[in-house]
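See below for the structure under consideration.
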Amino acid sequence: MEHPSRRDVLAGGAAVLTSFGWLRGARAQAAPASAGPADPKLIEDLVAANRILVDQGVVDGYGHVSVRHDKAADRYLMSRSVAPELVTAADIMEYDLDSVPVDSRGRAMYLERFIHGEIYRVRPDVQAVVHNHSPSVIPFGATGVPLRPLYHMSAFLWPGVPVFEIRNAGGPATDMLIRNAALGQTLARSLGASPVVLMRGHGAVAVGGSLPEGVFRAVYTEVNARLQAQAMALGGTVVYLDPEEAKRAQASVAGTIGRPWELWKKKALAR
Amino acid sequence: MEHPSRRDVLAGGAAVLTSFGWLRGARAQAAPASAGPADPKLIEDLVAANRILVDQGVVDGYGHVSVRHDKAADRYLMSRSVAPELVTAADIMEYDLDSVPVDSRGRAMYLERFIHGEIYRVRPDVQAVVHNHSPSVIPFGATGVPLRPLYHMSAFLWPGVPVFEIRNAGGPATDMLIRNAALGQTLARSLGASPVVLMRGHGAVAVGGSLPEGVFRAVYTEVNARLQAQAMALGGTVVYLDPEEAKRAQASVAGTIGRPWELWKKKALAR
Amino acid sequence: MEHPSRRDVLAGGAAVLTSFGWLRGARAQAAPASAGPADPKLIEDLVAANRILVDQGVVDGYGHVSVRHDKAADRYLMSRSVAPELVTAADIMEYDLDSVPVDSRGRAMYLERFIHGEIYRVRPDVQAVVHNHSPSVIPFGATGVPLRPLYHMSAFLWPGVPVFEIRNAGGPATDMLIRNAALGQTLARSLGASPVVLMRGHGAVAVGGSLPEGVFRAVYTEVNARLQAQAMALGGTVVYLDPEEAKRAQASVAGTIGRPWELWKKKALAR
Amino acid sequence: MEHPSRRDVLAGGAAVLTSFGWLRGARAQAAPASAGPADPKLIEDLVAANRILVDQGVVDGYGHVSVRHDKAADRYLMSRSVAPELVTAADIMEYDLDSVPVDSRGRAMYLERFIHGEIYRVRPDVQAVVHNHSPSVIPFGATGVPLRPLYHMSAFLWPGVPVFEIRNAGGPATDMLIRNAALGQTLARSLGASPVVLMRGHGAVAVGGSLPEGVFRAVYTEVNARLQAQAMALGGTVVYLDPEEAKRAQASVAGTIGRPWELWKKKALAR
């Protein structure tokens, strides 16, 4: 860039931000108390969610999904750091909202767990968080072309899909990863009240009021991105869902999520 | 939109339409008489049809296929509300043309069953109806770019493929779903004498003179959409089938549908 | 079209052409003599070829592949009319070059078998013929954009890929099918000395000096079409193989066809 | 081309180059000494790497991957000439950097093994080499549109991806193959210090400091190419990773390669 001194300043600012995050993490290193065993069905759904996201092409060897603990709003559950396809119930760990593990037992943690904790902190409505490198979505994050609901299944996109530009918070020299609470907080701010936020040069995060809804949204954001790109390429004017239609379609479709979830879960657990 | 008062009027009109549909449904709530057991082979074909449509990428966790009862023209058969991939013979329910179930036994019904009943009512030639969110087709419905037969397998598209715009019937504030007989009737009117109708912001419906033909048409509408988009993207003039060619090709190809059906059914029932 | 009387004339001409083809078929109806049993390995390769073409996405429920009989140049072998994926050794039938079966035993024949017989008749170098609805290739036939070799694996395309326009031979009102010897002859004339001919609004035919080579060419024509469309879409100038490079690459690659064939055949026969 | 005499000159020059390569090969024909048995785990990883590259759509019936011998920097290990999907431990052969086999036992060798030997010779940092016909990458090599990192997973592309034009070294009449040491050397010179080099009209080569890293890079170059083409097609400005971001992302992501490798290897060896 043309102004090295400005970069230095920004890098310095990023270092300061990072330090604050580290201090925050350091203060919280004393293991937080467990909220107790989660409902085994929730754990089972979380394991299934990992495999479903693989089956649906939303995650590959990377990506992670979490769910808020059913016994405590300030705890969430997520696998240790392993490819989603390999997650089993024994891999599920409990975290506080600073993303400090309750009982790590030396298991490696997802570097970007802060994505989850910081969203749970500011979004009491959110019960599940999916971080992915959803392929068809990445080009939208890289171009700023707005993702908009093309059909009723992705009507939940009607509020708009913000794009998180990590350079705004972390400066020009980050490694693109949400590696601490401070960066997690800026990402959560970008997400705002939306169901999805894109991460420029990285991927996306989808949230939901339940694990099935979070997974559903991650899947149908990917589908919408693919179909929207096709629609744009056909030429002519693309008609998206009208906001009034979209609000109602979202509400109606939300009531049907059990139908794909039943199928997806059955196949996921049959492996 | 710029005229809230107009929207209110339209919404009110939609509410009136909906009420009429509900009244219609209410009057028909007394369970209609069964036409008796359908041919077991027809049930088997219907179960297979569900899986075939999944295998061919035409339906996912959503979508449904029905067939007119072989014993009575005013009855049709369709699964209870479940993902197509999970449909078994035990799930098949019998409906009258108001889409009232003969023997629901408390089983959930597809919300949009009216798509089927209302088409059977006005299309005596139709023996099978497929409702789907056929992915490659959705961009055509969203842009109004006309689907036209690119090759002989989709020659049946030659009459033209209408696009159903739900706002014309239901106003600007529908939830995009064909949730009652009135909306089903407007959709059937859009379909007219065509083999396929697109639903803007939703998906499509394909019909056929038999279950294999209905499934065949759903599959090859999807293929045609995919290939037509590719042809348009190559640049240059796209040569579609001439209407004379298309009529004859449709007739000839119709005589060969047993060949893919045999393969598709064999694989579907082998799962 | 603007001149019905011209269409009538052309249709009449088509009818005459068809009649000649029928007469030709009628004269040949006396079953031709068999050339004796073909090499069982050739039959095995032919069965494998069918499945390979399915696995490679070149054929679906439609399409067919044949091989010239190893005992007689005026006989060829091809399955009865069934989806390629279902072909077994027991389905293989023997035909003369008029595409009359030696021993039909009432089995249904591929309507378009004339594609094969007429090519064997005029191309003594050809030992295998693949007819397909190769998806990525169809848009090229529909637009006339020339298929050209993008990389060494499809170097065999360097002579150019002709496009067969059935209206030139059969008039504006054909059903798009090569349903008799006369149409087969016009298609063979379009093919000329090329390895591949596209059929506008239909699909393609690939030929080879052996069954592996014919299958290889069908597969890599599909791949080339897909990649060429992507290259054209990237913008900028697309550099195709220079004719000198292409000739030599074709010769060198031809010597390596055993490598994919071994893999493809092993997987095909393991089903 | 317009100047046959110039072509003759170039062809002559290519012949001379080829002769030098042959002589080089001839001098080295006395079998080189073995470095002894390689670590069985390295062999196991090499077998897995072959299958992983197939699973990830980077290689098909063609392509090959090698790893530098763990006991000697002037030896490398690669399968005999067979489709990657069929490679087993018994197929692994040992080569010196002239790509002469230690103990060929009459087994056929990959014609283009020189790609590997010549890169190991000039890149002491490289421990693994992948040669492929990575489909989404080929259009970039054919158009010269520069591959650039669209997201953090392909950050390693930040130094730029050179394109090897074989006509610069071998003249206008090569068969596109790296069939001798001289051509291998020109390719290695094109690669320079980069992680990937595209081969116009052919495919690509990816290198890594370990076998998992080489495979990872081959996979994510393919993904990046696919997503970059989609981003370019969306219109608007495509934002690639800033070089500062890319360097840091590459370093951070490099530390996570074990996560997909664990998954990929487990599935590859479970076949």
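Residue numbering begins at 1 within each chain, and the chains themselves are lettered A, B, C and D in the order written.
As a convention for this text, contacts are C-beta pairs under 8 Å (C-beta built on N, C-alpha and C of every residue); 3 or more make two chains touch, one makes a residue touch a chain.
Keep in mind it's a predicted model, so treat the numbers as computed, not measured.
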Identity of the chain that, by mean CA position, is farthest from subunit B: D
Which integer distance in Å separates the CA centroid of subunit B from that of subunit D? 49
Cα centroid separation between subunit C and subunit D, in whole Å? 35
Which positions in subunit D touch two or more other chains at once? 233
Think of each chain as a node with edges to the chains it touches; is that a line, ring, star, complete or other? ring
Those chain pairs that satisfy the touch definition: A-B, A-D, B-C, C-D
Would you pull the subunit B residues touching subunit C in the complex into a rising list? 149-153, 155, 223, 226-227, 230-231, 233-242, 244-245, 248-249, 251-253, 256, 259-264, 266-267
For the complex, which residues does subunit D have touching subunit C? 1, 7, 60-62, 81-83, 85-86, 111, 133, 135-136, 138-140, 142-145, 167, 172-177, 179, 200-203, 229, 232-233
